[in-house]
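Listed next: structures, encoded as structure tokens.
What follows is subunit A paired twice: with subunit B in the first complex and subunit C in the second.
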Partner chain A sequence: MAGNLEFIKSASGTSVSTLEVTDCFSDKYDVYAFAITKVDATSDGNIDLRFIDSGGSVISDAEYDYALLSLISYAGFGETKGTNGTKIENIMRVDTDTEKNGGSIHYIFNPYDSSSYTFYLGQSGGAVASSGLIGTKAIGVHKSAEQITGFQFLAGSYDTLTVNVYGVK
Partner chain B sequence: MAGSLIKIDEEIVTSAVATITVGGANWDSSYDVYMVKVNNLTIDTNGQNPVIRFLDSSNNPVTSANYNWARKILKSDASFGNGNLQNATLDYFVNNGMNTTTGQSASGILYLFNFNNTGEYSFYTVEEINRHATGALQGLQGGGVLKLAAQHKGVEFGVTSGNYTGGSVVLYGLKK
Partner chain C sequence: MPIGQAKFGLLGGVADLGKLEKIETQTFSGVSTVDFTSIDESTYNVHFMTLNNIQHTGGLDTTAVQFYESGVLETASVYQYAYQTGTSGGLFQEGRSTGDDIIYWSYNNNGTTQDARDSENGYIYFYNLGDSSKYSFTTAQMCFTDFGLLRMDFVSGVLPQASTVDGIRLKMNIGQNTSGTASLYGIAES
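The block that comes next holds the complex of A and B.
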């Protein structure tokens, strides 16, 4: 029996500061999952997220709200949040040491529906800093009703960054 | 290659309904773990909450005070909150009331565990996102349990008052 989690595409970059995953959303699915399966960074930091519109342009307008809970093994949990931002911040923490980077799974709701906002859910485990682990639970929204066809990772410096995209049929 | 996420039941809201049910007569008991995809639920009454209950083996929603749940409530415009309740008669899929303006929809993912095991309680995880009545982004990450050692055969989405006007709910089994 065919399954209902269908692989759409993989994208990867080497020695990049951004990674665009284009033309991965369509009218075939309403909900998508993407997994960051490999990341090696040249500087400690966070991966941020933006969406790409139907014209192929990265959306950098102040149209994003987000909230993120950091689950930290060596300290109190942290809160990151913002309204009317130009991106969804911190969907995954990264570290310069290869062995300290983990993975993450994320969901996108209704990106291709031009009459709906695009919502985001995500969680990650990784970025084991000098003291321990940092995982995340995150939400976000692009609060403009327009058709979204892809997404961009930004705000980093990566030796390697790989993402797989799936449709949840 | 055959996949392992198998669609069992789907309900798409095309006209106003008070409840949305997946499973029940369409329940397939051959899975250990189930996933529920909730997309773009909208309601017709300001300030109300989508809620969930599980179905018993006769396909009726369990309304007894046996739901325990806990969650972190993430907010884009305010400090995060905690939510928890014991011996409740339902769980809230959306923590704060929604309203009916454009963009006020709720989506999320649930995983269901032990639903066919008559000797163990039924557990679930939930992650949800919506824009609540003020227009701010909000969501929750948590889990719960229905403290009845019995088979449960699906999920009923209700509203504290009013109806659903749009959206969809899909039930999947995770195949071994």
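The block that comes next holds the complex of A and C.
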């Protein structure tokens, strides 16, 4: 059980389609948490995730596996999964109506360890679409043993997107 | 710093001991509701709660949540949720509602009248409670024993009303006498 969260940094973008959070992972922590605390989207959709390597480059190679369960209040649940993908898909649902967007908490394991894969798990309150709530529970992995220093959100169009990153002690 | 230590009241502005900041712990017994009415909703955008050793000593019951909006408890059938449950016996199923008067956290947990060792444990996140322009969301992961089987629930829920939520009620849906401990934290943003 983690003992505490220690704030590392906050990143925010306005009128963006991607948001990069750089230099947030280091040798100080093995486990990190990030919270998406504010989303105002200009189109309905999902936030996807990629990692950033020690050279500052966004990793878009086919090195990601992921599995996600969409918890839907008005219909049967949905599954999203993939192997050797170029990103971890659908970590949070977003909606164009500002008031309908929720929040989410995500964890990253061993990103800075160059001898380990980087693992991900997350949960989101998601958003209330036209028919009702869509939340998520998700896992993922970047299947390359390399040093990861940050991450990127993509696949959207946002008036505002804010994320806070914490080290888990 | 241990998770259970509080920032407020201890620091006096001298030092910042961490970003998971304890708001309140309540240990209770023989109750069917537990209210958190001072949640510092204007300070935190994300709240975190732990539930420990929740036991429905009166019999079968479920642990759920309702919200206070500007001091008024919302009891209408306006809440939405979706949950995935799984048991060590191999049963996995989903549940949902687009109009209930509660958000379930643990569904149909057995009471201690069947097995005195049954208890619920888990954690819950809350999002946007203090933002009057946003709906209020929650996600939860519960682990408990139910008729001798280990069971887990993943839950997403929402109060789909743009309002200021300034209180949280833990509600035992059937109203059985319940004991346990609940702790509420705020996640600081800077």
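Assume the second predicted complex is superposed on the first by the 166 of 169 C-alpha atoms of A that agree within 3 Å, B and C clash if a C-alpha of one lies under 4 Å from a C-alpha of the other, contacts with A are read in each partner's own complex, and residues count from 1 in each chain.
Rule of thumb we're sticking to: contacts are C-beta pairs under 8 Å (C-beta built on N, C-alpha and C of every residue); 3 or more make two chains touch, one makes a residue touch a chain.
Computed from a predicted structure; not experimentally measured.
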Fit-or-clash call for subunit B and subunit C when the two complexes are aligned on subunit A: clash
Partner chain(s) touched by A:A145 [first = subunit B, second = subunit C, both, neither]: first
Which of subunit B and subunit C A:T37 touches, first, second, both or neither: second
Partner chain in contact with A:L5 - subunit B first, subunit C second, else both or neither: both
Touching partner for A:G45 - first (subunit B), second (subunit C), both, neither: neither
Subunit B versus subunit C as contact partner of A:G82, first or second or both or neither: first
Partner chain in contact with A:G126 - subunit B first, subunit C second, else both or neither: second
Subunit B versus subunit C as contact partner of A:K137, first or second or both or neither: both
Partner chain in contact with A:G102 - subunit B first, subunit C second, else both or neither: second
Subunit B versus subunit C as contact partner of A:A67, first or second or both or neither: first
Stretch in clash, subunit B with subunit C, out of 3-11, 57-65 or 93-101: 3-11
Where subunit A meets both subunit C and subunit B, residue numbers: 1-6, 69, 123, 137, 169
Interface residues, subunit C side, partner subunit A - complex: 1-3, 17-20, 45-46, 80-84, 94, 96-98, 125, 127-128, 133-135, 137-139, 141, 154-158, 160, 162, 187-190
Residues of subunit A touching subunit C in the complex: 1-7, 10, 35, 37-38, 69, 71-77, 98-105, 123-126, 128, 131-137, 164, 166, 169
List of subunit B residues in touch with subunit A within their complex: 2-7, 37, 39-40, 72, 74-80, 102-103, 105, 107-109, 127-129, 131, 136-139, 141, 168, 172, 175
Residues of subunit A defined as touching subunit B within the complex: 1-6, 30-31, 65-69, 79, 81-83, 107, 109-110, 113, 116-117, 119-121, 123, 137-141, 143, 145, 168-169
